[in-house]
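This report concerns only the one structure given below.
Letters A, B, C and D name the chains as they come in the text, with residue numbers starting at 1 for each one.
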Amino acid sequence: MPSTTATISPAAAISLVANEALRAAERTAVSSSEQLDALADLLLDARRVFVGAAGRSGIALRMTAMRLTHLGLEVHIVGDVTTPAIGPSDVLLTASGSGTTESVVRTAQKAADAGARIGAITTAIASPLADLADVVVVVPAAQKLDRTAAASDQYAGSLFEQVVVLLGDGLFHALWQRQGSSADDLWPRHSNLE
Amino acid sequence: MPSTTATISPAAAISLVANEALRAAERTAVSSSEQLDALADLLLDARRVFVGAAGRSGIALRMTAMRLTHLGLEVHIVGDVTTPAIGPSDVLLTASGSGTTESVVRTAQKAADAGARIGAITTAIASPLADLADVVVVVPAAQKLDRTAAASDQYAGSLFEQVVVLLGDGLFHALWQRQGSSADDLWPRHSNLE
Amino acid sequence: MPSTTATISPAAAISLVANEALRAAERTAVSSSEQLDALADLLLDARRVFVGAAGRSGIALRMTAMRLTHLGLEVHIVGDVTTPAIGPSDVLLTASGSGTTESVVRTAQKAADAGARIGAITTAIASPLADLADVVVVVPAAQKLDRTAAASDQYAGSLFEQVVVLLGDGLFHALWQRQGSSADDLWPRHSNLE
Amino acid sequence: MPSTTATISPAAAISLVANEALRAAERTAVSSSEQLDALADLLLDARRVFVGAAGRSGIALRMTAMRLTHLGLEVHIVGDVTTPAIGPSDVLLTASGSGTTESVVRTAQKAADAGARIGAITTAIASPLADLADVVVVVPAAQKLDRTAAASDQYAGSLFEQVVVLLGDGLFHALWQRQGSSADDLWPRHSNLE
């Protein structure tokens, strides 16, 4: 977070954001390589994947959820009108920068109580969310609440949320390649009513 | 899009994704620097900002919309229950990789008919959406429908959608700095009911 | 629609609304009895049920969609992040007071093109939507656009939308009874993550 | 709830549902007449109206929220991407059959802590939600969790949720008449981008 409020052009800001995102994504990929493998397995082995988080992390995971649908998985968004009850053999995919977001921890607790497995993305390995999760991917990015942190020049959890997007798309890419299907195989699964 | 279906680890895929995203974001920042300035002005001068797009581009723009709300702008998502009618002095912020997505072009046409101004992100400067827009930011990324393109190894419009996320967060960062407000100024605008 | 703007107490207005809704629902039940049987069959025979409409009709149908999920059907909301492509053996359940709502007619056309069957609720048997539908339930209520109509004292399509709610819950009730399941059978299907 | 699983035609079920809804709505109008007046005042005096509830009650209130937007009020749905922080002079409009729904009580508590006023619809005058609310409208309908109740032949909270719809539309009708505006005044406020 800048100590001064010197202005920056949008172009320069985009470069700043994209470079921070790349660096944090690369660091996550290196340091959590095995956990990412485990998360990929968790998703592929799931009967159904439930996806949900709070705020912008939740929006970011919706991008991932749509791609998992294109992959042919049965995916549900927590809170959607038609989302069924979670149960054993299901997986909850969630994210919280701090690992302490009340609603996310509560959802994870309910998923665990129902016998589901949990994959979580967070910056905090020592957190209630990480404690509940079967697989934890740790992102070395500033937490949302850490508003004085030096880890990022960006506001609040922005960097974390960007990494959730990139990480979700990286996971999708790896699962897609593993599946051995072509783009033409996925295309017919795209929504065709809009 | 890979010619072979050689598997790739999630970690390697995340690196691939993040590097593609950085490169495309940087190229956009350089080549559309003035248009990004104009888009920033368009948003700040708007009475209200309406945000909407189809599929994953629409999800990506929701991340931007939430940050614009934190900035103190009045923002509405196209299709939300409480979204009012758009009119003069309002701005529609939208995105379509191909610039031809039916629902997006239709929405842009309606916004233009209502006297609103339009900011659009697309890969195609020669497209119906670009024709309708007051400010066009061109992203040098593969189009969604260009399923054989060499521009990206990723599926469909993934790269474009990642750039929309980074570009939106870059815009926010620049607007925030220009506003001269601190993180503590924005924090009280975050939703406090969840 | 009142010719004068004489005030009315909320209590009196609720009575007015509820009486209009009952009368229109009863008239629909009587005059469309066979079509309602056909709609019930359509839903039960569907591989998957896709639900969508515009504005308040769309919200009303979401209430129905949630109950169909509780019944054990696979249900998707048009436009939701995880909604797959519709195809043969699937059913689109939709509603439009006028039967001409652009987005609804377009969605119905796409569903028909994809080989899906369509169940539609409308006030207009002679309408583009009715023409596309396999089963049409006609509600004798004022149309949204018929702003001078004498059919209802309420605003716009309010009466139609209320009937969509009652009709959806009536359909659910009949399907539930036909299924022979108890409340305790449905309960475990309620979302358990919120 | 039926003791037997005798089948019932959709037409008969719609009649059953509509008659239950009318009766419960009428009873609410009579017994809560003054509270409904107070709720109307609460909404009109609010700087902004925040609307939210769980499950089908939440969907029902979205129908109300859209109409309040048409009336010219500033309305936000709890959990929407662009929903700002609630504060003093704002109102939370919510509903819970049992008055104990965890997420609803939590939201109401947060609204109260932020200095907002609360209007609540519930079947239970003695409940955590009613305790938190400034205005409570009591609906004499079966609670969702009261799965053996004789108050309704319908499943779970269906009757309550139908009454929320009718009550919301009755409130809107009364506010509209009080405002003295015509249908043509409201029409331009309808969303024009879809």
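FYI, a residue touches a chain if its C-beta (ideal position, glycine included) is under 8 Å from a C-beta of that chain, and two chains touch if they have at least 3 such contacts.
Keep in mind it's a predicted model, so treat the numbers as computed, not measured.
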{"item": "Same or different residue numbers at the subunit A/subunit B copy interface, by half rule", "value": "same"}
{"item": "Between C-D and B-C, the pair joined by more C-beta contacts", "value": "C-D"}
{"item": "Centre distance in Å when subunit B and subunit C are each reduced to the mean of their C-alpha atoms", "value": "34"}
{"item": "Chain centre separation (subunit C, subunit D; CA means) in Å", "value": "20"}
{"item": "Multi-chain contact sites of subunit B, meaning residues that touch two or more partners", "value": "59, 62, 66, 79, 81, 190-191, 194"}
{"item": "Residues on subunit D engaged by subunit B in the complex (per definition of touch)", "value": "50-52, 62, 65-66, 69, 75-86, 92, 107, 110-111, 114, 188-194"}
{"item": "Interface residues, subunit D side, partner subunit A - complex", "value": "59, 79, 81"}
{"item": "Footprint of subunit B on subunit A - complex, ascending", "value": "1-2, 5-19, 21-22, 25-26, 28-30, 32-33, 36-37, 39-40, 54-56, 59-60, 62-63, 66-67, 70, 103, 147, 153-156, 158, 161-162, 165-167, 169-174, 176-178, 180-184, 186-187, 190-191, 194"}
